[in-house]
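Let me give you the structure first, and then I'll get to my questions.
The letters A, B, C and D name the chains in turn, as written, and every chain counts its residues from 1.
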């Protein structure tokens, strides 16, 4: 019966919004402008919706990890809680400490959100849904998400609070250190797929995801990326920058109202970006689960639309991150550095070396097809 | 010793901004006197130390405790506890009310071992008056005291988790503590401050369901201790955070007058339940867990083990609570303690709770002093925390398991 | 004084770099297993939805949350205004205001004032009462927005004084005057401004507290 | 060591020591000029070895015009207790030697007694108020202490 299925081999033609803008510009400039505006509005809408959903999900998931119910009052099972909270934060007084560096204090959260927003540009949600598919996409996200730490540093420093400064300094040291490991693990995938362009990385996983297709090194790189990315976005067990039991609230101690909401927004957007990075690089992004030449299996998997695949993978990644957060205690600041420089970085280097050998020798699953 | 005025004139301004006087560390003192060697001075010149207030509003000072920290980057050089934010003049108040009214004050000192505080006060009065109690009273007192110890340690376990950055243990600890509070509520009519143990007996007899509920709790909680260990104690991050942190050796622990699990973790098997048995502890079999190193990890282990021992004590007692009256003194009668001075001690969840009574033979005590365990225990932090990180300080403070009203009285 | 060199320290066994990473990893997985167990078993949720579950909420019988005076079905209480509870109260939370009862040349209870704001629920007043008129109830919902509303009158109005009664025409009229008008339904808040009968010393405290 | 044996050993430390009655445990009265040396001996002599200072407090005996300082000692080695008291004049300012060199915790317990009774300890490194505010007037645990916040009980 299944043999009678039509050949569903999808060509996966990738068109990004920016491509559409440029191709339509010659024919109809109005359409191009519409495309561009739509992209901007969509990104902003998407940004706020994602953050709200993530906050709600996090609260619900955390609650059930802890034998609680979580938000239950606003809407059915508290589904509108995030909206209520956002409204509350927007309406609250925006307090700037008297001794603070006012301009910097106001600018810092904006910088954080800006970095997260920029990174969203390159993320491939599905073959037809990415704002821009640049040829250095991976590098772009790595670089831009590194900007966020500047916002944290500024916020902590300009608050003129010792706890904030401590938190900011911790964040600076931590993010810069863990950036190394994250990049090393990303390089493994870049090496296997032979490109930094997200569409090509995803299409290179046509025969299988890099997490298992690159024997062992893929998995190790994935684990390193998991740890390093958790550290990069300051989530438990690496939330030293915030460290509420040590530094009261770390770098955002002196923030309130909308500016606090901006930091909050940036935090959850970063979670989303890191998760989609992980999903794209190691779990095939929007690419359905394919196993080599098992055509029938691959065809069945293709029935699920690529956008859904992407959403599922990202949710899995995000859930993992939440699971960590609500299970593990926080590391101490020196142990954090020890973990990076003594454990993750050496392993990452060795892993990269092995990956290089494997790539050159073609010793991985289904090498001929990518 | 350099006076603080002199220090503030010599040292940078940042030193003098705390309102309470600053305890000058030995290094400062030696620098001021010009007794430092070149290396120390070079250290001092390249890094600027600063003071930071931890508390009175800080999530991990467990209430309104203020610690002034002298820090060098992330490293804590000195801890100066500043007390008195919840000082309520308990000892002064105690001089104005009768002996029976004293008992409920002890609820409000160490509220996490409220029943043991009640017991300490009642037994101090009973000892002074030489009142004989029956076995039922003693057995029930022992059982509820051990239940109190378990719930106190449950809370401590949860709070330790939260202080180390894991929020989930906190709620698990509270969830399981709730079972004990429900038992207490049923029998004693209160959840936190019960005023249950009275001079001469108990406020009420135990509830008819008490025995069954305690048994139910024990069978519920026994496997959970292992789960606690697996979730938290076995976690590699927790072990890294607690091992070799905040070491307190036996000699300075004794000299600092530290008692309770902290003293035992330092390797001194000092437990009044064993050494000077009261209640029916003499009839029960239990071990006194002792640590070897005296670090936070030992304190963790000692308390976890104590929960298991407490369960075993309750198991030995709960099946045969003797019959008898629950009160041997008349409630309305005024209590007059014979003239003299009396000091009596009891082992609460945090250490020795001592009650000193000076009586002039009247209805009210002439002087009442509460020797609270946390007051002495807290000062151990000045020795334990120096040289560690902020994260260590939080772990140490949590492993001391302070209750601030007990310190400030 | 702080010589750490002599202290024993816990040596972490170096059983190999990778072995330690592996055991650490396993310990983390164990923790993850436990939290996942609770996530996947919604029956382990212990949260109570408080205002919604009012109908099914059972408080322990002995829970001490509100002091009440026992009144019989006709609305009478047995308090003789003997002041024993007042003296037993450690925080001066009880004030028994009495009035003359010239017919019997005695005093009777006028207002039994109980201050919830300073009460510690120690139960001593209940235990010492020689007539067992006081009782602790488990009605715990006593929060209000103004501290002054936490001063309660426990006793139900017990009819006119004997001087008023003496002015009544006959026994029938007196009986009717004495009969309570409604069944006792617990303490009533004094609403802050009704402070007659409270001695001056207590008024001083009230004033100070009333600054809120 | 029971109370009687302890009394013999403690009494041999110095000729000026007396023992107090009406106490539930052995209670020795030490003159204030001998306090430091007696405390040292109590801690260091092998049959006594009182290595822990459990509690330190004071009583204001208003009628006798005296303040009694009380030290509750305990030996973790032998498990025996001793109450040591020192009488100081209530009216004259007499400095009592600080015992923080003998037992470290004395430093903070003496601060508390200073705070509440106004006893001055000579040789104390950091004698400040500990529970009350720094600018508090008076010493509240003295029997004749009065301030505006104190209320008389109505009966």
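The rule is simple: a contact is a pair of C-beta atoms (placed from the backbone, for glycine too) under 8 Å apart; a residue touches a chain by one contact, two chains touch by 3 or more.
Predicted model only: the values in this text are computed from it and were never measured.
Peer 1: Report the chain ID whose CA centroid sits closest to the centroid of the full protein CA set.
Peer 2: Nearest to the common C-alpha centre lies chain B.
Peer 1: More C-beta pairs touching across which pair, A-B or A-C?
Peer 2: The comparison resolves to A-B.
Peer 1: For chain C and chain D, what's the span in angstrom between their mean Cα positions?
Peer 2: The computed centroid separation for chain C versus chain D comes out at 40 Å.
Peer 1: So how far apart, in whole Å, are chain A and chain B when each is placed at the average of its C-alpha atoms?
Peer 2: 45
Peer 1: I'd like the Å distance between the centres of chain A and chain C, where a centre is the mean of that chain's Cα atoms.
Peer 2: 52
Peer 1: If you average the Cα atoms of chain A and of chain D to get two centres, how far apart are those centres in Å?
Peer 2: 64
Peer 1: Counting only residues that touch at least 2 other chains, which ones in chain B make the list?
Peer 2: Residues 168, 175, 231-232, 235, 237, 252 of chain B each touch two or more of the other chains.
Peer 1: Could you say which residues in chain D touch two or more other chains, in rising order?
Peer 2: 104, 153
Peer 1: Two or more other chains in contact with one residue: find those residues in chain C.
Peer 2: If we look for residues of chain C contacting two or more partner chains, we find 1, 28, 31, 34-35, 46.
Peer 1: Chain B touches which residues of chain A in the complex?
Peer 2: 62, 65-68, 162-163, 166, 170, 236-237, 239-240, 243-248, 326-335
Peer 1: Considering only the defined contacts, which chain B positions touch chain C in the complex?
Peer 2: 97, 100-101, 103-105, 107-108, 168, 175, 178, 182, 185-190, 193, 195, 203-204, 207, 227, 230-232, 234-237, 243-244, 247, 249, 252, 292-295, 297, 331-332, 383, 386-387
Peer 1: Please name which positions on chain C make contact with chain B in the complex.
Peer 2: Listed in rising order, the residues of chain C that touch chain B are 1-2, 4, 6-10, 12, 23-25, 27-28, 30-31, 34-35, 46, 60-64, 84, 88, 90, 120-124, 127-128, 130, 136.
Peer 1: Looking at the complex, which residues from chain B come into contact with chain D?
Peer 2: It comes out as residues 1, 19-21, 23, 83-84, 87, 89, 91-92, 96, 127-128, 252, 254-257, 268, 270, 275-276, 339-345, 352, 354, 356, 358, 366-367, 369, 371, 375-376, 379, 408-409.
Peer 1: Which residues of chain D touch chain B in their complex?
Peer 2: For this pair, the touching residues of chain D are 20-25, 27, 51-55, 57, 59-60, 70, 72, 76, 79, 81, 83, 103-105, 108-109, 112, 116, 125-126, 128-134, 140-141, 145, 153.
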